[in-house]
Amino acid sequence: MIYITRKAHFNAAHRLHNPSKTDQWNRETYGKCSHPNWHGHNYILEVVVAGEPDPETGFVIDLGKLYKIVEQEIIKPCDHKNLNLDVPFLKDVIPTTENLVKTFYYQLKNPVEKAAAKGSILYSLRLFETERNFAEYCPNARI
Amino acid sequence: MIYITRKAHFNAAHRLHNPSKTDQWNRETYGKCSHPNWHGHNYILEVVVAGEPDPETGFVIDLGKLYKIVEQEIIKPCDHKNLNLDVPFLKDVIPTTENLVKTFYYQLKNPVEKAAAKGSILYSLRLFETERNFAEYCPNARI
Amino acid sequence: MIYITRKAHFNAAHRLHNPSKTDQWNRETYGKCSHPNWHGHNYILEVVVAGEPDPETGFVIDLGKLYKIVEQEIIKPCDHKNLNLDVPFLKDVIPTTENLVKTFYYQLKNPVEKAAAKGSILYSLRLFETERNFAEYCPNARI
Amino acid sequence: MIYITRKAHFNAAHRLHNPSKTDQWNRETYGKCSHPNWHGHNYILEVVVAGEPDPETGFVIDLGKLYKIVEQEIIKPCDHKNLNLDVPFLKDVIPTTENLVKTFYYQLKNPVEKAAAKGSILYSLRLFETERNFAEYCPNARI
Amino acid sequence: MIYITRKAHFNAAHRLHNPSKTDQWNRETYGKCSHPNWHGHNYILEVVVAGEPDPETGFVIDLGKLYKIVEQEIIKPCDHKNLNLDVPFLKDVIPTTENLVKTFYYQLKNPVEKAAAKGSILYSLRLFETERNFAEYCPNARI
Amino acid sequence: MIYITRKAHFNAAHRLHNPSKTDQWNRETYGKCSHPNWHGHNYILEVVVAGEPDPETGFVIDLGKLYKIVEQEIIKPCDHKNLNLDVPFLKDVIPTTENLVKTFYYQLKNPVEKAAAKGSILYSLRLFETERNFAEYCPNARI
């Protein structure tokens, strides 16, 4: 089993805010991350596909095609956008790194697995909010 | 002459927008960088002080003191903030990397030079908007 | 299951030396790493917590709180210190990267799991001795 | 169980080309990566050995010895070489990152496991073709 | 004066070979870098433009436009190519990092300065052959 | 004029301590950096040589030869050593980054300039104590 990874980047604004809670709760829970005028990040996304290389091509997935899917499904809707206001599939998602990486996974799962070699899966996603903080979603145990 | 550098980080939202121009001009000039709902970056700032090391300490400047000044003057007002709305000394500054780095330089010049070894100067500032784009302001010679 | 990671840094001196062995054994086993006058490293520690995000906060763990624990338990006792001489919980530990990362794990396990969302665990630790050498301790199979 | 990693580097030329297929198939499948006059990369290889540290040395494996094996088995035959033409153990391997990382694994498995602490295994290999693309081969589930 | 930088990447094959010299001279001078079957690199190019920001836009140069020029003049002819065989403007240039960075500079100078704010210049180019080796060409002063 | 740079690494212990001063002065001046049991760093050294490429080789300096000089003059005496105790040419030098980079420069100047193309000079040295702190010595102009 080979795990092949492609990195992608996008820049976005966000704030951490649970609209069902009071402003005080949000300030106490999220501190400066809940600043009402937003802040932002250079996000780095690592997309990991697992499978056996196709014997004819030697590819688990054509990384050019993988990047096009990531661009279409994640980069285009999120890059230079506000993650709380602008992205339909993030509606009602508090944009913590944990929630983003899980939501991105299910946004990518079907189109990626359709493009990969037979039997391959979207294994995991890693999302870096900063160089120091990142989250990984990996619903598949190491196979 | 020694050039000593300290890096610092902050995360902020911004948009590129010249309020004296039409929306159409802003869209044509800045493209996705003018998105009205903001986007953001993990900024990296490199502060360069030039001078002769003090013979007793071996320091051009105590980097701990330098960082405290950078924290007070730049990080505290800018981190987890909106550069167009929240920072008094950036009022009326279109927050391009070029304009930010120059404005930050003059924000830091006096306090840094007061803390540095005699005869030292704030030589230059480099500001990374992303890992791929950065600007340097260096009013002391070169060309 | 989400894996959330926070990086931290510290600078320390150490040497590889097994005091129950002869000097010759130590020189032959550890080479220049056993130099009696010490050498040192900029260590990077990555702390990985696994769990389900709390539905109210979207956090597996508040990374600010996680960093405070890492600072208290690891950074404060180890930063700008000698790992062979100065750190109580490293007494009798030969400070190879392997031994350090395992010892740090058990130093962090209880306070981190107390601060994380219910059901979360301290999943693993990665410790970089240099950019080229690192060790990971992961007592939990991928869950 | 500790996972200890050593990075290594080599620079090589290659092209993606399946000699049993037509030129047209190769162009359509591999695009610019099949350019007949070759292109190349700065490859980074991460070698991960898993085991219990030897109680006398604190090492899962002496990283100096590990690097010597990697140098002998991978770097010397591949560095400043053409991966399609010059490397005996890559004959008949289409040099995609997926195929390279798997082939390198079996090239290293025996000599690495002979040099490691008793019961240790060559756990996995990660190969970076660029900073953005990498593949991991991990025939052992997390143990 | 502001110095604004944009990074770009390309992957290429090359060898160091002076065709007016004997094979023996080439082997003795260039060692493994003269390997006849080529080797290759992930090159990183940093393009530095110096000038005063345009007061209306805050730009020394629109980095999107700058990247398009770099793509047209350098990336498209060099990426996934052989620098000794495939690039018209490198004909008769021995592709050392020194020679490449100087040749790229004059390839970019006119189109970049036409696109930049009035009075701006293409200040310098830095070319990384590996993470450890890089060359800068800066015909505008310094020493 | 081309500026060609080679990076090198070494790991060392040190402390900041002026032996002509009291312990109290040292503690107040250097804080945790004066810890008596030492601490340490992974130092990165960038060596910059400036000159015109030799027309026959295309080299300002053969980077293999440059690295051998750096290894002989700096890496061998400093790597896995204590900079306060073990390095003859650092005797009586307080090992701040500023003092180290200047001392290293004069250690390298003669052998490097002898090995470089005619008319070339050792232009500058940059020394990184951590990823966040570095010093450059550049006795050839700028301000």
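Here the chain labels run A, B, C, D, E and F in written order, and each chain numbers its own residues starting at 1.
Assume a contact is a pair of C-beta atoms (placed from the backbone, for glycine too) under 8 Å apart; a residue touches a chain by one contact, two chains touch by 3 or more.
Note that this is a predicted model, so its numbers are computed, not measured.
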Problem set entry | Set of chains adjacent to chain A and to chain E | B, D
Seminar exercise, completed: Farthest chain from chain F by C-alpha centroid distance is chain A
Problem set entry | From the options D-E, A-D or A-B, the pair that copies C-D, where over half of the contact pairs coincide | A-D
Exercise. In whole angstrom, what separates the CA-based centres of chain A and chain F?
Worked result: 42
For this session: Calculate how many whole Å lie between the centre of chain B and the centre of chain C, each centre taken as the average of the chain's C-alpha atoms.
Result: 34
Exercise. Counting in whole Å, what is the centre-to-centre distance of chain A and chain C, each centre being its mean C-alpha position?
Worked result: 28
For this session: Hunt down the residues of chain A that sit against at least two other chains at once, touch-wise.
Result: 131, 141-142
Exercise. Every pair of chains that touch: which are they?
Worked result: A-B, A-C, A-D, B-E, B-F, C-D, C-F, D-E, E-F
Seminar exercise, completed: Within their complex, chain F touches chain B through residues 16, 18, 21, 29-31, 93-99, 101-102, 131-139, 142-143
For this session: Under the touch definition given earlier, write down the residues of chain C that touch chain A in their complex.
Result: 1-7, 53, 56-60, 62-64, 141-143
For this session: Within their complex, state which residues of chain A touch chain B.
Result: 9, 11-14, 32-33, 35, 37-42, 79-82, 85-86, 130-131
